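All chains are identified by letter, namely A, B, C, D, E and F, in their written order; residue positions are counted from 1 within each chain.
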Amino acid sequence: MDASNLQYALDTFFLIFSAVLIIFMMPGFSMLEAGLVRTKNVTAVLTGNTLLYAVCSFIYLIWGYNLMFRGSGFFLDGIHVEGYSKYAIFFFQMAFVSKTISIMSGGVSERIKILPFMTFAVVMSGFIYPLVGSWTWGGGFLKDMHDLAGSTVIHSVGGWALLAAILVLGPRKGKYTKEGKIKPIPASNIPLVTLGAMLLWIGWFGFNGGSAFTISSKDAADLVAKIIVNTNTAGLAGAITATIIVYLQYKKLDITMILNGALGGLVAITAGADVVGLWEPIVIGAVGALLVVFAIPVFDKFKIDDPVGALSVHLVNGIWGTIAVALFADFSLITQLKGIAIIGVFTFSISFAIFVIIKKVIGLRSDEEHEYEGLDLEECGVESYPEFVKSKY
Amino acid sequence: MKKIEAIIKPFKLEDVKDALTAIEITGMTISEVKGYGRQQGHSELYRGAEYVVDFLPKIKMEIIVKNDDVDKAIHAISESARTGKIGDGKIFVSSINKVVRIRTGEEDEEAI
Amino acid sequence: MKKIEAIIKPFKLEDVKDALTAIEITGMTISEVKGYGRQQGHSELYRGAEYVVDFLPKIKMEIIVKNDDVDKAIHAISESARTGKIGDGKIFVSSINKVVRIRTGEEDEEAI
Amino acid sequence: MKKIEAIIKPFKLEDVKDALTAIEITGMTISEVKGYGRQQGHSELYRGAEYVVDFLPKIKMEIIVKNDDVDKAIHAISESARTGKIGDGKIFVSSINKVVRIRTGEEDEEAI
Amino acid sequence: MDASNLQYALDTFFLIFSAVLIIFMMPGFSMLEAGLVRTKNVTAVLTGNTLLYAVCSFIYLIWGYNLMFRGSGFFLDGIHVEGYSKYAIFFFQMAFVSKTISIMSGGVSERIKILPFMTFAVVMSGFIYPLVGSWTWGGGFLKDMHDLAGSTVIHSVGGWALLAAILVLGPRKGKYTKEGKIKPIPASNIPLVTLGAMLLWIGWFGFNGGSAFTISSKDAADLVAKIIVNTNTAGLAGAITATIIVYLQYKKLDITMILNGALGGLVAITAGADVVGLWEPIVIGAVGALLVVFAIPVFDKFKIDDPVGALSVHLVNGIWGTIAVALFADFSLITQLKGIAIIGVFTFSISFAIFVIIKKVIGLRSDEEHEYEGLDLEECGVESYPEFVKSKY
Amino acid sequence: MDASNLQYALDTFFLIFSAVLIIFMMPGFSMLEAGLVRTKNVTAVLTGNTLLYAVCSFIYLIWGYNLMFRGSGFFLDGIHVEGYSKYAIFFFQMAFVSKTISIMSGGVSERIKILPFMTFAVVMSGFIYPLVGSWTWGGGFLKDMHDLAGSTVIHSVGGWALLAAILVLGPRKGKYTKEGKIKPIPASNIPLVTLGAMLLWIGWFGFNGGSAFTISSKDAADLVAKIIVNTNTAGLAGAITATIIVYLQYKKLDITMILNGALGGLVAITAGADVVGLWEPIVIGAVGALLVVFAIPVFDKFKIDDPVGALSVHLVNGIWGTIAVALFADFSLITQLKGIAIIGVFTFSISFAIFVIIKKVIGLRSDEEHEYEGLDLEECGVESYPEFVKSKY
């Protein structure tokens, strides 16, 4: 038994471990979003989250992965990797793909129909994401953009597609009054929100840590551990910064903002956790939280109704994180910006087109009455908490 | 003094409240109830079996008003709660013998 | 027989119940309601936006009593529910024509 | 017109509803209430300490009926809600002056 | 430090990792079942789940493991393993044992008394399961049946015992009307159901992946990674298949069915995830979901009242998965069927007998009034959500 | 590639794995406490849990870790470790630090203001805990006390500080009646309590297992695996013992007591899981549960109002676990007691002083009216379950 064999085993194990952590983001996103929407839309959001994991991973297994990493045909055919099992690296990459849609599912919630949304998920996991991935991580023409685990490739891609979706969908009924005022629609279940955000945070250790791909040497092990510490640090800084700003504004500790601040910090560090030192993540995460706090009202001003704040967390910070790589480490700002712009324009425009087509052909949005009654009954026929007496509608 | 009880569709609550405050009726008590009537319940699913939920969520408003205000209150509620679809609800009026404001001990019309 | 409806602050429930049992009124039915009145609602936050919740949680007590017991019941409730701050609630009294105890079929005063 | 208020045991709701629809009373409004009466509450545990929950869950039904229907409605409810055990609940009847159906504007007996 | 030492360490670590994932199925089953029962029985179900993990693992530590793997005496005495720590392999095996009872606990819920059920748990973890395990994985007379991680040894065993339990217990009051109609009793908390199912899904990676026992060579690492990919694929196929069927029937996306479909797929792949290629799990999982969807009404037809659908998920698919090994890989159908039959007859009949005895001697079922009021008050004295106003009874 | 390099990689991976498990205790504590308090205080408890993780970890990164392990300056400066990545060992140690405050946050809940509590968290993670840690694990004058993963260093430290906090704060309004009777205030959400306790249980495998620091040799692997088995065993014994006692007293299975019994067992085994055999943890855990069950009413008798039972679980069992090391393994009872006493006196008195100062300077406790209304509105402005109709106040 030689050492390279053991390295292979160790790295395979490490990828599996990382992928499993990422998959904890499935319940993570599910609980976060189930907690943030009103009780009448909880089942629909959960169904969407379950299905998007199933659909995206399935498409990716059949052809998406091959498209992204230049295999031939289907089912990992023609994929050759070295140093670890190809099944493990596939599993790891597969764990990423549904995140692009998970990011969106909260933002389009409370009004989108599930099946049309799943249609988009097929396009995303079967074409958009594999293409963007092949340009960057797959060694294509954007390979010089540094994006460790996908501030741009995952988070902005999901964010741009979400922006397109929201523009096509329009805001929830009642979110903006006739007089143009914004009516907050509060989260229905704060423990679920917190649980979800914490599971996401934990999943991020696999997301970013695993993106080093190998842990089996001294240097690699140091790098992985540093990435994870930095990831965590940006989350801490995001939470603390959001706390401070929100407290200064309202003298209250709005937990939905604090958690969004943490998530914003985590998104921001995702591009460069490997190339910065120990203190830079504090700045990156803190700016990330600032951006979240200030972006949320801006989107609302433009009547871009994002029930969970996903645009601010994922799109804005995906961009910021990718830029931050150039500011805090030795990478070309031009290259980073070029990547951001090309991927942004591509993803936004193609997503917009597809959502318009879906809307025309099969319809995208629930009708007004069902929106009032909640999507749970119309889309799923299953109430989320049938026995509890509710007081909001 | 009269008590007006109105059973309305939940999503009309804001409108009805606004209509009442517009005519300066600013005290009311509401509760969550379930109604059974001509409006049919909806069907739900559970593990591949359908079933009907026949009690529908409604809001009950209770408003104590002076005798003089009864008609305009009824009018305000009817107009603002109406969708024209079945299940819009009902208004019931009954008599109240006495009202006390706990905080001050004021009674009857002064206490409304 | 009279029905006394009292809208009170939720945290006063225990006190009011004790005050009523002290005068040997031992049957009552309560429910969770939301009240709107002079007492202003509180503001809440959601992702950095403030909004006002104007319906406040209250308890509604319904107590059917003999005519003779009305005054002392009102007194007991007022005293025990009062905090002196706005929002203490109200008491409404109306007439009841008939009472039946389901278990025994007893009627009216016997059934209270 | 009369309002019948019945406080019943929750698990009897279906039976009572069936008994009422059998005599063609098909409009009613129910709510979740808590009752206090002769029936003793149950004790619960929390980290090794026992305590008594004395308000018990009950259902309140409110049914507005024509004067002629009062007796048979009372009968139907009593029969179907009775278990013979303490806590079966009570029925209260009072007068209603006016009824309005919001959807159509119909009034009184037509609106029931 | 030689390589075999490192392999030992790596495989021990791998077993611990896998066991920990399996133990996530403890909250997984708990949340799934707590979400599926009515609020008045939630505490009882959670208490049962907590206790069965405690009781089964405890018995298994004291003698069950020794019985299964031919040790001498108690507490791992006389157990010799090579290649990894005996503590780690014990921990891994221990993580399995309570699953056989977890499978049952949802199916008997809302009417069984906890302590009599725990009495059965002692018998299951102390005798039935160790015996079945010794015949198969312990190298006994059924060792030629291929059952990677227990489609039969775990899931069918739990399923057969559950069938016996339900027959002895009878249906919940009100589930079947006097006129013979079926009255659905809906789940009380869909977020918990979803969280639970997702945790189970994640736990399954440890369940099946860890059943390769070793990851410390190139081949072993490839095998583990492939098992995990295949496990996931069957779950995906199960979810998607259930979605399609349910949608065709009702035009609604019934999440309780979709999740059961996924779980059915996961059970079905458990026997053969190691011996099939990448696409077979799609078929195995899809058939698994089909079986779930069609078995549920069949059981109801026979008034076999299974509140959570455990028979369809675990028993039916345990059988199907074990058969599938012979259909999709080079194993004898006869051997597989023989294993299924012997274990089925043994487990069902002995469980039935024990439940009858328990019923006679100490009583098994809560009395009618307590069933109406819910088991939480009678069995635990603790309401699950005391402050929420409820509207079902 | 030589073996020491691989060992380095493997141990780094193992530390990361363990740390991630420990971080699952963040949602663990959050859900446990969110389930145990009344709905009107749930958001406040969740906000506190989120912030304390952020604040403590942040302080520890900046200077706490350096203080504890004698680095120079800030941010891991001057820290030298061998055999694994310094980032990994930092991450592992960082995962511990917020536990000391998590332990407290349930006990002070329903009346403490969040920001003053966070002020204490700064002192705890920046001074008290690093000092105590430097005396013991950092090789200081108490290094001979055997305390594997912190029965004393973590659990008792948190427990003593909690006792100080409760004495300064006083009991919740309404907990003790004028006539001196104890009024139980029941948990609001039992599924969350159960989920939280189970996540804590799982996190404990990382807590104790990871405290072996290395898994990369045969002996080390055996030790880690044994520690994890023993940890689990004490939890099992705790749950079973609590079940039996509670059942004998009330003929009911009070799940809040059963889970506290399990946690008590887990705390008790934390000091010595590495130095005892396979059956001793049964005794240690069983005694732990006994202590929990009997300590809870004792604290109540002295009007020490601890809403979640944290004193009984963490303080009492932290002490018991540290003593048990001397009873069941070859360590000096005197040394153990000396450690317990010195750390106890130090932590309690300094914490008491700090809480008194905080109370004087910025106030510690919410005013009476806000306590009635719940801290969620006053402290966070966010209701935990705004749509559910509630019936307790």
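As a working rule, a residue touches a chain if its C-beta (ideal position, glycine included) is under 8 Å from a C-beta of that chain, and two chains touch if they have at least 3 such contacts.
As the structure is a prediction and not an experimental result, all values here were calculated from the model.
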Chains in simultaneous contact with subunit A and subunit C: B, F
Interface with more contacting C-beta pairs, comparing A-B to B-E: B-E
For subunit D paired with subunit F, centre-to-centre distance based on mean C-alpha positions, whole Å: 50
Whole-Å gap separating subunit D and subunit E, where each centre is the average of the chain's CA atoms: 44
Centre-to-centre distance between subunit F and subunit B (centres being mean Cα positions), rounded to whole Å: 50
Residues within subunit F bordering two or more other chains: 3, 6, 10, 13, 17, 186-187, 189, 195, 250, 252, 254, 256, 380-383, 385-386, 388-391
For subunit C, residues contacting two or more additional chains: 31-32, 34, 44-46, 50, 94-95
Touch relationships between chains, expressed as pairs: A-B, A-C, A-E, A-F, B-C, B-D, B-E, C-D, C-F, D-E, D-F, E-F
Subunit D partner contacts - residues on subunit E that touch it in the complex: 372, 377, 380-383, 386, 389-391, 393
In the complex with subunit A, residue positions of subunit C that touch it: 34, 44-51
Contacting residues of subunit B [partner subunit C, same complex]: 3, 17, 26-32, 62, 64, 94-103, 105, 111
Footprint of subunit C on subunit A - complex, ascending: 182-187, 246, 249-250, 252, 254, 256-257, 260, 293, 296-297, 300, 309, 391
Residue ranges of subunit D touching subunit C (in the complex, touch as defined): 2, 6-8, 31-38, 55, 58, 60, 74, 77-78, 81-95
